[in-house]
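What follows is a pair of complexes built around subunit A, which joins subunit B in one and subunit C in the other.
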Partner chain A sequence: MEEAILKIFAQSVTRYFATVANGQAVLGTPYLSVDNESVAFDFSAVIGITGSHRGNIYYTAPREKLHALLPLIGEAAPDDRLCAELVGEITNTISGNAREQLGAGFMISTPFILEGKPLSVHTARDTTCYIIPVSWNRHSSRVLVSLQQNPGNP
Partner chain B sequence: MKNPLFLIAALRRRPLLAWTLFFYIPVSLVAAVSIIGAQRYTQKLNAELANGQHTVAVAGCITAFGEQISKSILLIEKSVHDKTSPGKSVYELQVAADRLDQTVNAFNDGSEVVAPDGVRFMVDSVTDEKALAVLQEMNVIWVGIKTRADAVVLTSGPKKQNSEGIPFTESALSEASSFVASQQTRLSEQALAFSRRLEQLANDRVKALETPRTALIGVAVISLLLLPGAFFINRVRGARNAAASLAAELGASQTKLEAQSQALSIAKAETDRIMETVQEGLLLIDARGIIGDYHSRELTSILRQEQLAGRSLLGILERLLSEKMFRTTKDYIDLLFDAGRKEKAVLKVNPLTDIEVNFPNPSGGFINRYLGFSFRRIVENGAVSRVFVAVRDITTQIELEKKLRDSEQHKDRQLDILLGIVHVAPDELEAFITLVETELDTINDTLRAEHLVAAGGQGEALRERLQTVFRCVHNLKGNAAVLKLTTFQKAADLFETKLNELLSRPVLTGDDFLSVVVAQAGLRVDLGDLKELRGKLVGLRQPVGAPDASAQPASAIASPAVQIGAGLRQLVADAARDLDKATTVTIDEYALHTVAVDRPALVRDVLIQLARNSLAHSVEPAPLRLAGGKPAVATLSVRSLPRSADGLVGIAFRDDGRGLDLEAIRTRAESAGLLAPGSSHAPADIARCIFAPGFSTAAAVGAHSGRGMGMDIVKSKVVDEAGGVIEVHSTPGQFCEFHLYFPSASAA
Partner chain C sequence: MKLLIVDDSLIMRRAIERSLGQSRFTEVHTATNGLLAVEMFERHQPDVVTMDITMPDMDGLAAVDEIMKRNPRAVILVVSALADKATAVEAVKRGAQGFLLKPVTAQSVQAALDDILSD
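After this line comes the complex of A and B, so read on.
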């Protein structure tokens, strides 16, 4: 996968926190998911990608981080339902930003929410899963990008 | 003369002419003749009737005249008796007698008489026997009466000139009166009988005329009726024939239609069956892109939608295609309906031969498919009325093509790797794979350390990570060079270029490492290919007859020292050739074995970097060596060192090159911030700078130098990882020697 595409997701997630949470998110050094290690936090959302690319985009965050973030977007009483909705929204936002930059051919599905730490990351066949750690207010979260460019879409 | 058969045939073709010639005209003539005949008979009949009536009327006058005569005689008798004038009685008697006489004579001889209505007419003499008998009887009676009447007239009336009238006496009158009175009755009876007979005769004559007249009238009527009747019948028959003809034609047409309908039904059934079973989506669209009423069943499967007839194909595709592709499709369909464009040219630029579509998945996400569209115009009256569209789901084909393409690329890549590893001994390859795995895992583990991010620790920590990654990649590259694995060498070299660029940045952030992780992923793909090939090579090598490794004698298995020595010699030979520096290597195999027996990877990695460093920086080109009084061929040597006081095992690596250029090192170290500029530095401090990460005195980056990571790796391996010691000995222009001491792994 091209570095430029990873950069789009990295920038999208930092822009989200800068805009919504009014604070700068710090990206850690990205690494690869190997040996199907568990990289999930309490709440995860996955969006399927098709069109010019094929694969999945995950965003996963711990409950504490989401509880800290929810009041900033007007939810004074965070609960699990709101946490699930928030990870879905974040995933949708960063995927939407990517779509804006990669064109309408980069088609995104609706988010699918997963709760619980054990998470088997479903990556598209023959794709590598890149993990981008995101730290905001000392809270960790991760963006997982597993994409492959479609042969018919240069 | 024309053939009569020809005329018959012509008349058969023209029935109206035939009817006119052979029926209407003859019948019309018959009717005309009949009418004329009937008219004449009617005239005769009327004349006969009038004659009969007059005759009977005249005959009836006989009685009247007789009565007048009787009456007149009685009046005269009375006048005589009364001695009065007879007045008009004599005259009336005379007139009546004359008239009666004329009448009787007319019947006897035939003559003109005056009827009571004043009409004069000819009375034929009576010829009928019965009437003649009655007439003769009347003649007799009349003669008696006439005699008396004439006598009375002569005696009672004015004397006629030259008459010899004898006046009647009263008695004579009385006798005449009685006689006349008596005869009068008889005359009346006979006159009545005569009249009846005449009437009967007249009736007979009329009847005789009525029969032919009636017949003629009948003929005329029949003829006149026949003409319209025949005409009507002909018309009816004509109409009936026409109707029958039409019915026959209709029947034939109906039969034909039924046959055609049946053929159509069969054709439609076949078409329907085809449309039901064909494995392609077949449809027609009009200029607005509307799908026609009939399409193949497969179309609903391909487009995953029902009720497609009457819907817009573009509307359906709009939801499946990307915006750009949809616009292209719309333009192309407009082009298809542009009759001004040549179909062949239009079909050539079909953008929908293999397009990717994405169907919404009810369970979330998309269902990705590839469809192939082909088009054909349907031209009517010079305009493209509709376009035939065939759609196929070519997902399997595209995926197979992709697999094939991937497989080809994979094979090409593997072939490159294969060509590089065929000469590598299996255990060396295994060692290299292990090394690459280790280095890549080290890289990933280094990058994974998220606690630094959470703690906000960036800056130097990220730089240290980058240097760690650099060391791994450089070491990997050096080992690849030993084995001549150019694929890995090139990949690692590119990786190093990225790392070098990042190291030159004053500030590092997490997303700067995106290129690092992508490069790492690339190396992992190469590693995967190498491992796959290793498995295949094992399979290939064994059948050749090579005995199993476990069955080989110990002497046949290359020891780590032998492998390291061989690899080092190969590396030096390649690098010397590349750098055009003739160099030879002398290795104390025993010494190498002593140190490499339990730290083969460390010894190998360190010697690789030292040899590359010597060739790049210390060994001079042959002309310089000769000018300096040295042999043209430089010598690299590996020998043992006695254990150190701390019990560390030692090995020495020496080159007879120019040695350390302390001035150049100092200048570079000062510019890199490793040494304070302008200060005096001990040679040892200057020399130590060569172990700094990224430090290099090379003017440019090359395949064998310039990254500044070689000596860093040596230090890292010997000092940081193994807990050893490095001593550097150098005499400028003479040599450079590294003494490496490290604890035995077994002892550690």
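After this line comes the complex of A and C, so read on.
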């Protein structure tokens, strides 16, 4: 199950950068997050998942990467407010796009934005958190996928 | 012509507005959730609405319902990241004329608006 889910999110991330940044994002091999590991960059957004699955999707990126990306979407004067907005929109887009394969039962919340580098990220109980490294234009970022199929909502 | 852009993301509202360029729209209004969208629709009577779905307070599909109740001839383009077919079908069933999947580009927004306005 994990491999299929991770593939879906990898495709969503690839599609986002190919469309918006007009360039290929290179995805690293997903790995398991260790408890309390600090994986967040300067800006993160988290989306809660309910319905057919439960858990969270995070996208986290450093300020420099977001400053490089913002001009490509027309924002000539990047600042922290736009960086926060952008991680929210990226998280929303990659989570929403996943419904192409996961279906309408994969319910997503609006994004919650985190600024700074928290010591750890909060994931849903009994879920395993996988980290997908994303490299674009020599900048690193990460997608965190912490999901469990919800047996009550197939 | 008047356009109402509805999206809780500032990035998206600005991207859609920028994509219009020197277009036919002389008035552009924005709203950040479905409730405000309905209020802005009543106040400004826009010719076209771009509508996100996943938003706080009232989602875009409920806002399409409310707007269609007020004006069954409203022209609405749903712009959403929700990529399942059922959502796009549901949006059209409720009265939206088009569905544009995020991520978007200036070209895809322009093309989608041209398309629904030519109908």
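Criterion: the second predicted complex is superposed on the first by the 150 of 154 C-alpha atoms of A that agree within 3 Å, B and C clash if a C-alpha of one lies under 4 Å from a C-alpha of the other, contacts with A are read in each partner's own complex, and residues count from 1 in each chain.
Please note the rule applied: contacts are C-beta pairs under 8 Å (C-beta built on N, C-alpha and C of every residue); 3 or more make two chains touch, one makes a residue touch a chain.
Because the structure is a prediction, the values reported are computed rather than measured.
Superposition note: with subunit A as the common reference, subunit B and subunit C can be accommodated side by side.
Looking at the superposition, the partner that touches the larger set of subunit A residues, subunit B or subunit C, turns out to be B. Looking at the shared chain after the overlay, A:73 reaches subunit C, while subunit B stays out of its contact range. When the two complexes are overlaid on their common chain A, residue A:26 makes contact with subunit B while staying clear of subunit C.
Note on the composite model: angle subunit B-subunit A-subunit C, taken at the C-alpha centres, equals 60°, rounded to the nearest 10. When the two structures are aligned on the shared chain, A:88 is found in touch with subunit C, with no touch to subunit B.
In the superposition on chain A, A:16 makes contact with subunit C only, not with subunit B. In the superposed model, A:110 makes contact with both subunit B and subunit C. Superposition on chain A leaves subunit B and subunit C with their closest Cα atoms 7 Å from each other. Within subunit A, the residues touching subunit B in one complex and subunit C in the other are 103-104, 109-110. Partner subunit B is touched in their complex by these residues of subunit A: 1-3, 6-7, 10-11, 26-32, 34, 48, 50-52, 54, 103-105, 107, 109-110, 112, 126, 128, 130-133, 135, 138-140, 150-153.
Only residues 8-12, 14-15, 18, 54-56, 80-84, 86-87, 101-106 of subunit C touch subunit A when the two sit together in their complex. Across the complex, subunit B meets subunit A through its residues 322-325, 354-356, 358, 361, 364-366, 368, 370, 398, 401-402, 405-406, 441, 444, 446-450, 452-456, 458, 462, 465, 509-511, 513-518, 520-521, 524-525. Within the complex formed with subunit C, the residues of subunit A that make contact are 15-16, 19-20, 73-75, 81-82, 85-86, 88-89, 92-100, 102-104, 106, 108-110.
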